[in-house]
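Next, two complexes with subunit A in common: one pairs it with subunit B, the other with subunit C.
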Partner chain A sequence: MLDRIKNWFEIRIGLKDLIRAQLTEYRVPKDINIFYTLGFVAMAAFMMQAATGFFLLVYYVPHSEQAFKSVQAIMTTVPYGWLFRMLHAVGSNLMVAVVFLHLASVFFMGSYKKPREMTWLAGCLMLLLVLTFCLSGYLLPWSQLSYWATTIVTTIPTAFPYFGDYAAYIMRGGEHVSGVTLNRFFAIHVALLPFLFISILGFHLFLVRRIGISSPPFGEKNEREWTEYRHEAHSDGIPFYPHFVFREMFMVMIFFAIMFFIISFMPTLFLPEDANTPADPFRTPARIKPEWYFLAPYQMLRLIPNKLLGVVMQIIIVALFILWPFFDTKKERNILKRRLLLGVFFISIAMWVILAVWGRYS
Partner chain B sequence: MKRRGFLKLLLAVFGTTAIAFLTYPLARFLAPPAEKAKGKQISIKRSEILAGEAKSIALNNTPVIIINRQDKGFIALSKVCTHLGCIVEYDKGKKRLLCPCHAGTFDLEGNVISGPPPRPLPKMPLKVEGENIVIG
Partner chain C sequence: MSRIKLFSIFLLLIAVVFVLAEARAVEQADKSTCLECHASEMMKLEFRNIPGDWKTSWHYENRVLCHDCHGGDPKDAAAAMSPQRGFVGAPKYKDVPEFCGKCHVGILKSYLESGHGKALKSNGTGPNCVTCHGSHKIQKANIDIINEGLCGKCHSYERASIMKKALFLTEKKITETEKDIKKLKAGGVFTEEEEKNLFSAHAEFRTLFHSVDVSLVKERTDEFAKKLSLLGNKIQNMLNELGFRKNFSAFLMLIFLGIGVGIFLLSKTYKS
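And then the complex of A and B:
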């Protein structure tokens, strides 16, 4: 029976040739390391978010008077509703962590360099989209935490003269965060962002396949100058399937192991008390803190006395990060041979960690 | 101009016009309808707020605090922090208004004492009429 199904597809799409060309004879560098699997882990995380998000939509009510109750009902009365909500909430945090790690490892391996600038840009755009996913999804439970986090974020544009107030007004659909804002964020979260994310993900994967996976820059390498398009094939490499795919699956299992560990033993890690209190537009909770991935920018906003300067500085830092391949045009990919870049890399990470910890405990 | 060039130009002009015509309705669609003029007033008894105490009310959906300052009398201030929109809270002991989000501090006139807020808290119209305080 299985053979007949395979044969049916073989006649129509050339299945064997497809598997041979795209999986078994497709080679990846023989010295490829575990960090190269993070892109696949991020993609698996996104697929899980899409699936659990769909299940939550079955019960969630996007209305300011019912959103909080519907989320509480998912957590308490819907059979296994808590599981899908926790998978979605914890999964979003872990997905951000995986995307951060993926970008950091790509940076460390120098894989953003010519001819892969567009692949880097697409990756950075996906990071921004993931953060927008988190922001828009954060409001949906209509809790104190979500309400005030959204108030802060939608007030940031007011730092800009002339158009800032209007931009904030459009984002909120009024002067304050309200039910109108909830509807806007819901529409963005479930209809606009998935479409954008999948489009850019497709472009990203196309580029990875079209150009070929970059090899780690360490050790003796004799890399040819990129003066014209060529596919970087690794004829002496290992087969993508089964060798590399199994490594990827192993990392996906680690990802899920961490997620279930958090759900089982640290269920309030990403859902503090204010996440279980209904939104009150007249009271900001004391000592409210953003999610861990926004702690560093949050602390920067606290430290810089001028709001416009604080916001502009953050935009410049993000723009510098995204456009880095166009500033760093040196041929040398091995960061260990570039002490200054290595210093910038570790100092940037250290600064981010210090600001985040400072923001969390100040 | 050749026919092909003319058709390209025509397509560009019509395309741009169509997008321009769609942009305006889209911008209007996303902008919420203008809210009606607000002229609501709230009246409370003077005796409700003792010297050194404060009371929070909602005036036209804006959180407002009325403070009975021991030396200067009543004042009504918006509770919305001018930094990023969080709600400030009254610290009776320190005689300050504190923002829980980014640690902005205001005095009881609404002036910024410390932290990142760029402007003082807006003052709300307040009148003392006999035994009543009228805000708004």
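And then the complex of A and C:
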């Protein structure tokens, strides 16, 4: 029976040839390391978000009067609803962490360099989309935390003169965060962002396969100049399947194990008490802290005396990060041979961590 | 100058901005004219401890602010104590029950019908709320407030001790239920309904014992026991559900770890 099905596909799409060309004969560098699997882990995390998100969508009611109650119903009365919601909530945080790690490792390996600038750009855009996913999804449970965190975030555009207030008004759909804001964020979260994300992900994957995976820059390497298009084939490398796929699957399993560890032993790590209290526009919580991945920019905005300066500075940092391959045009990819760049890398990470911790405990 | 050097300078500038800005990162929380004045040097010593006392109180924990009891406008220093802004100041000894009773309505009614309330209203000698609970350092009330030291100031402890015994079981059950609700909340469960039910039972119970009528308390203890038992069962079911969730996710964690180890071992055979 199985052979007949295989044969059916073989005749129509050339299954064997497809598997040979795309999996077994497709090669990756022989010295490839575990960090190269993070892109696949991020993709697996996204697929899980899509699957659990679909389940939540069945029961969630995007209305300010019903949203919180529907989330509570998912957590208490829908069979295994709690599991799907926890997977979605914890998974979103872990996905951000994996994407951060992926970008940091790509930076460290110098894989953003020519001819992979577009791959880096697409990756950075996906990071921004993931953060927008988190931001828009954060409001949906309509809890105290989500309501007030969104209130803070939607005031950021008001730093800009002339159009700032109007931009904030458009984001909120009014003067304040309300049911209209909830509808807007919901539409963005479930309809616009998935479409954009999948499109850019497709482009990103296309580039990775078209150019070929970059090899780690460490050790003695004799890299040819990129004067014209060529596919980096790694003829002396290891097969993508089964060797590299197994490493990727191993990391995916670790990802899920970490996720279930958090759900089991630290269920409130990403859902503190204010995330479990219905939104009350007339009661401002004593202290509102954004999620961990926004803590560094949040603390930066708090520290810089001028709001406009703070926002502009952040935009400059993000732009520098995204456009980095166009600033760093040196041929040398090995960061260990470039002390200054190595310093910038670690100082940037250290500053991010310091600001995040500072923001959390200040 | 290379681009990386320029970027390093940019990072350095950001660091300098942060260090300078830290100097102005003053905590803005809890700003109130009442607190600022009462904590200042110009305030009489007897009033200066009020902000500190209040910050350790149950009212503070529940965000009951100065103007909620005393009126006035805490945001406007000039008019903070203006009667036009509803400032009522500190009540006279005899008026304290009505002052507190603005919020604690049921307890006021019960108190006024009790021996304590009648004594206060008839000759001004009976205890008022502050006598037992204090004023600004008010703590969450519990059964230990009935003690020989406090009750013995005005009368013998014998009658109060019988009252305390009658209250004991219900009070214990309430405390246990409170702890269980806290556990549920820590597990991420929305407990509004359970909290409301407990609060209602608790308030009714408090109202009852402010009547200081031992026979009435004994008579209604069964009624409270039934109510609290129903609530307790519901909470216990939820706690069991939390336990199941924990075990189930831990089981899934082990499954994924196991598959991970399996894949790892399998990948080693491919290498060889």
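The working rule: the second predicted complex is superposed on the first by the 362 of 362 C-alpha atoms of A that agree within 3 Å, B and C clash if a C-alpha of one lies under 4 Å from a C-alpha of the other, contacts with A are read in each partner's own complex, and residues count from 1 in each chain.
Operating definition for what follows: contacts are C-beta pairs under 8 Å (C-beta built on N, C-alpha and C of every residue); 3 or more make two chains touch, one makes a residue touch a chain.
Every value quoted in this text rests on a predicted model; they were computed, and no experiment measured them.
When the two complexes are overlaid on subunit A, subunit B and subunit C occupy overlapping space and clash.
Within the superposed three-chain model, A:Val180 lies in touch with subunit B and out of touch with subunit C [touch as defined at top].
Contact comparison for subunit A: of subunit B and subunit C, C touches the greater number of residues. Within the superposed three-chain model, A:Phe250 lies in touch with subunit C and out of touch with subunit B [touch as defined at top]. Of the two partner chains placed around the shared chain by superposition, subunit C is the only one that A:Pro242 touches, whereas subunit B remains out of contact. In the superposition on chain A, no contact is made by A:Phe100 with either subunit B or subunit C. Using the contact criterion defined above for the overlaid structures, shared-chain residue A:Thr284 touches subunit B, although it does not reach subunit C. In the superposition on chain A, A:Tyr169 makes contact with subunit B only, while subunit C stays out of contact range.
By the touch criterion defined above, A:Phe327 reaches subunit C but does not reach subunit B.
Once chain A of one complex is fitted onto chain A of the other, the partner contacts of A:Leu301 are limited to subunit B, with no touch recorded for subunit C. Of the residues of subunit A, those at positions 286-287, 302, 304-305, 362 touch subunit B in one of the two structures and subunit C in the other. Those residues of subunit A that touch subunit B in the shared complex are 148, 151-152, 154-156, 169-170, 173-176, 180, 281-288, 298, 301-302, 304-307, 310, 362. In the complex of the two chains, the subunit C residues touching subunit A come out as 2-5, 7-8, 10-11, 14-15, 17-18, 21-22, 24-25, 29, 63, 185-190, 192, 245-250, 252-253, 256-257, 259-260, 263-264, 266-267, 270-271. Across the complex, subunit B meets subunit A through its residues 30-32, 35, 56, 58, 61, 63, 79, 83-87, 89, 99-103, 115-116, 118. Contact residues of subunit A toward subunit C in the complex are 72, 75-76, 82-83, 86, 242-243, 246-247, 249-250, 253-254, 256-257, 260-261, 263-265, 267-268, 271, 273, 276-278, 286-287, 300, 302-305, 313, 317, 320, 327-328, 338, 340-341, 343-344, 347-348, 351, 355, 362.
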